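First subunit A sits with subunit B, and in the next complex the same chain sits with subunit C.
Let's look at the complex of A and B:
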């Protein structure tokens, strides 16, 4: 029974891909908190539509709802790729409101933020299982990529057979180590960038067109 | 269905020893085999929310891990439960799979997994051969 179900799912994925070829692909921007996901989403949206996706902040869990920017047309080498960008909350296995108290919040605000953050992470996991066609996985290249959340998320993405592009962000900061990320996930291509400074975005757009076009 | 986390003596009532130490439940692959995904997640979270460390002999599938994160998030509440710490050996790579497994998208999930309350367990070191954790009482 499981074999037949898996076969049916595999065929369904192929046929869905064929018939939906002209539909905009929903590309989820995933990663741990504070990796620069919203900064990247805003950079892409501003470069190709002139609008932003959402506010950026150094406080963890600034993005607490998945936000979508539809019909972002990216032109590369004479090809036009249309994607919907889905900026998702940073994925984690724990949220403690006390961490927010260090960012000049009172307890009520911190508790509210933590509650919204947990709802956002749950929503992001649901999107990943049900509603995205590809993933841009953003990592802060100044931090250790060998974390359980990264390992699990990459494993979940691979199990869904979703095309995934790994971006090593924050290359403008001292201590950035792109090779460490490439070593952590050798089965995927790693592209360095600074979403904040707009460094290497040309290559990022070329790869987006290549992976998700 | 087997009970969630009975004491080692088979008694489901809380042990008086729980105030003096940290309980570790080591759950065999055989015990998990007969459970549905949600039953596995409940078994884990019920144990962890009681302050126990749960060690799974064979781990969870990626889909179950995804649902574990999702359900954990729905159960976090201020001053009560702040979530989980989870560590697994980075195994189950594509190289371990058979051709049929790859074709059908099946992935091996056999990887020792340690799960505990986020406020009681801290990972000190992890590599492909060693997980070193510091466990504290509440």
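Let's look at the complex of A and C:
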């Protein structure tokens, strides 16, 4: 009997270990619209898998469905970290089709985009609750980070005890103020980067391995 | 009670979360929606109403009897109707612009008794805006008169246009009117307060107008089921927790 129990224990230890090693962590890339989430997701995916995640655009809410890139293997300092990247739609409390009309879009398309963006936010919030093991929170360092959405999302992430990495994106732009973001969320480490130009990606990958490995 | 389980008849207030995972009593998952106006409950305000309606509702409820009395009075009970609403003449200022012909039956009411035209007009303004809401509580005889009138008369395009304008301006007209003391429930709440209150009540996604949405992020995060498709007509499809095992990737 004791032998059987021991055997069972050791089998379950092995299978647990296998699953732990096999199941990559799902890392959600969150943030407000137009912070550069898809640009970052594409940068990471291209650097480590050669593929992109999805189209990037300067029009808000280009990403209206969460997109996943699975089994992204990141190597840092001799360590391999495998993650699934989930690029999520920008989170906001208001979606208005009128903001799309300026981007050479007719009203019907703008209304449809607005509806899809709203569904996308609902989906992103659902993923945050159910399907994410860690969060990369992307902020545009040229804009004020003290917003209701940022405060609420960071609060939710903290309440879930999810590991979170805050990235101050768009450091290539003249108005970039990384310190403002660091001040807004002093309880978290803030990493500056330009996902578009690929600046400081080394540090980003090191931190990803450290936080989510 | 706006929502009712079609199996056991249990009712739920609008905005109730209890029914989201089925009826707690019988487990039924079919519900019918009854707007507050469909019942005789004297709810001070209904969460499901549009903000502008809610802002106007308390006074409109109070005035229902006078609005109802007015209809028969146009035919045969004019003196008693006019005498029973001394405060109606206070409405002159608010309704002066519509005095000329805002009654649903202009030919009858205006020709029968000119001195009461003012009170009729002011009351009819309220009646126009509340016509659909208040019909269910009318006395049978009054309803018969109104029905008979509706069947016999044909509304003119001009009246339709005016009636729609009355609805749009109804809340501001009654708010600014000098007859507010007639409201026994005290001062009418500010429309902005009501809007705020209603916004707090909306569950997860509020459709402000086509293509315009307000999202309650905490609600979206907190709820187990999630919205997978918004329909153009305001309906939406949610994925229930029970379905996860089947449809999850």
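Basically, the second predicted complex is superposed on the first by the 191 of 213 C-alpha atoms of A that agree within 3 Å, B and C clash if a C-alpha of one lies under 4 Å from a C-alpha of the other, contacts with A are read in each partner's own complex, and residues count from 1 in each chain.
Keep this in mind: a residue touches a chain if its C-beta (ideal position, glycine included) is under 8 Å from a C-beta of that chain, and two chains touch if they have at least 3 such contacts.
Note that the structure is predicted; figures quoted are calculated from it, not measured.
Student: Will subunit C clash with subunit B on subunit A after the two structures are superposed, or do they fit?
Tutor: By the criteria stated at the top, subunit C and subunit B clash after superposition.
Student: So in the superposed three-chain picture, is A:91 touching just subunit B, just subunit C, both, or none of them (first/second/both/neither)?
Tutor: In the superposed model, A:91 contacts both subunit B and subunit C.
Student: Tell me the contact category for A:146 with respect to subunit B and subunit C: first, second, both or neither.
Tutor: A:146 sits against subunit B, while subunit C stays out of touch.
Student: Which one hits more subunit A residues, subunit B or subunit C?
Tutor: Answer, by number of touched residues of subunit A: B.
Student: Contacts for A:173 in the overlay, against subunit B (first) and subunit C (second): which applies, first, second, both or neither?
Tutor: In the superposition, A:173 contacts neither subunit B nor subunit C.
Student: Give one of first, second, both or neither to describe whether A:119 is in contact with subunit B, with subunit C, with both, or with none.
Tutor: The answer is both, since A:119 touches subunit B and subunit C.
Student: Going by the contact rule set out at the top, does A:187 touch subunit B (first), subunit C (second), both, or neither?
Tutor: Touch partner of A:187: subunit B, not subunit C.
Student: Just one of 19-27, 91-99 or 127-135 in subunit B runs into subunit C once the structures are overlaid; which is it?
Tutor: After superposing on chain A, the stretch of subunit B hitting subunit C is 19-27.
Student: Which parts of subunit A are touched by subunit B and by subunit C alike?
Tutor: Comparing the two interfaces on subunit A, one with subunit B and one with subunit C, the shared residues are 91-97, 111, 114-115, 118-119, 121-122, 125-126, 128-129, 152, 156.
Student: In the complex, go through subunit C and note every residue touching subunit A.
Tutor: Interface residues on the subunit C side: 204-205, 210-218, 220-222, 226-230, 232.
Student: Would you mind writing out the residues of subunit B in touch with subunit A in their complex?
Tutor: These residues of subunit B touch subunit A: 61-63, 65-67, 69-70, 72-74, 76, 78, 82-88, 90, 92-94, 103-107, 118-119, 123, 126.
Student: If you look only at subunit A, which of its residues touch subunit C in the complex?
Tutor: So the residues of subunit A in touch with subunit C come to 91-98, 107, 110-111, 114-115, 118-119, 121-123, 125-126, 128-129, 149, 152-153, 156.
Student: Which residues of subunit A touch subunit B once you look at their complex with the stated criterion?
Tutor: 3, 6-7, 9-10, 91-97, 111, 114-115, 118-119, 121-122, 125-126, 128-129, 146, 148, 151-152, 155-156, 158-161, 187
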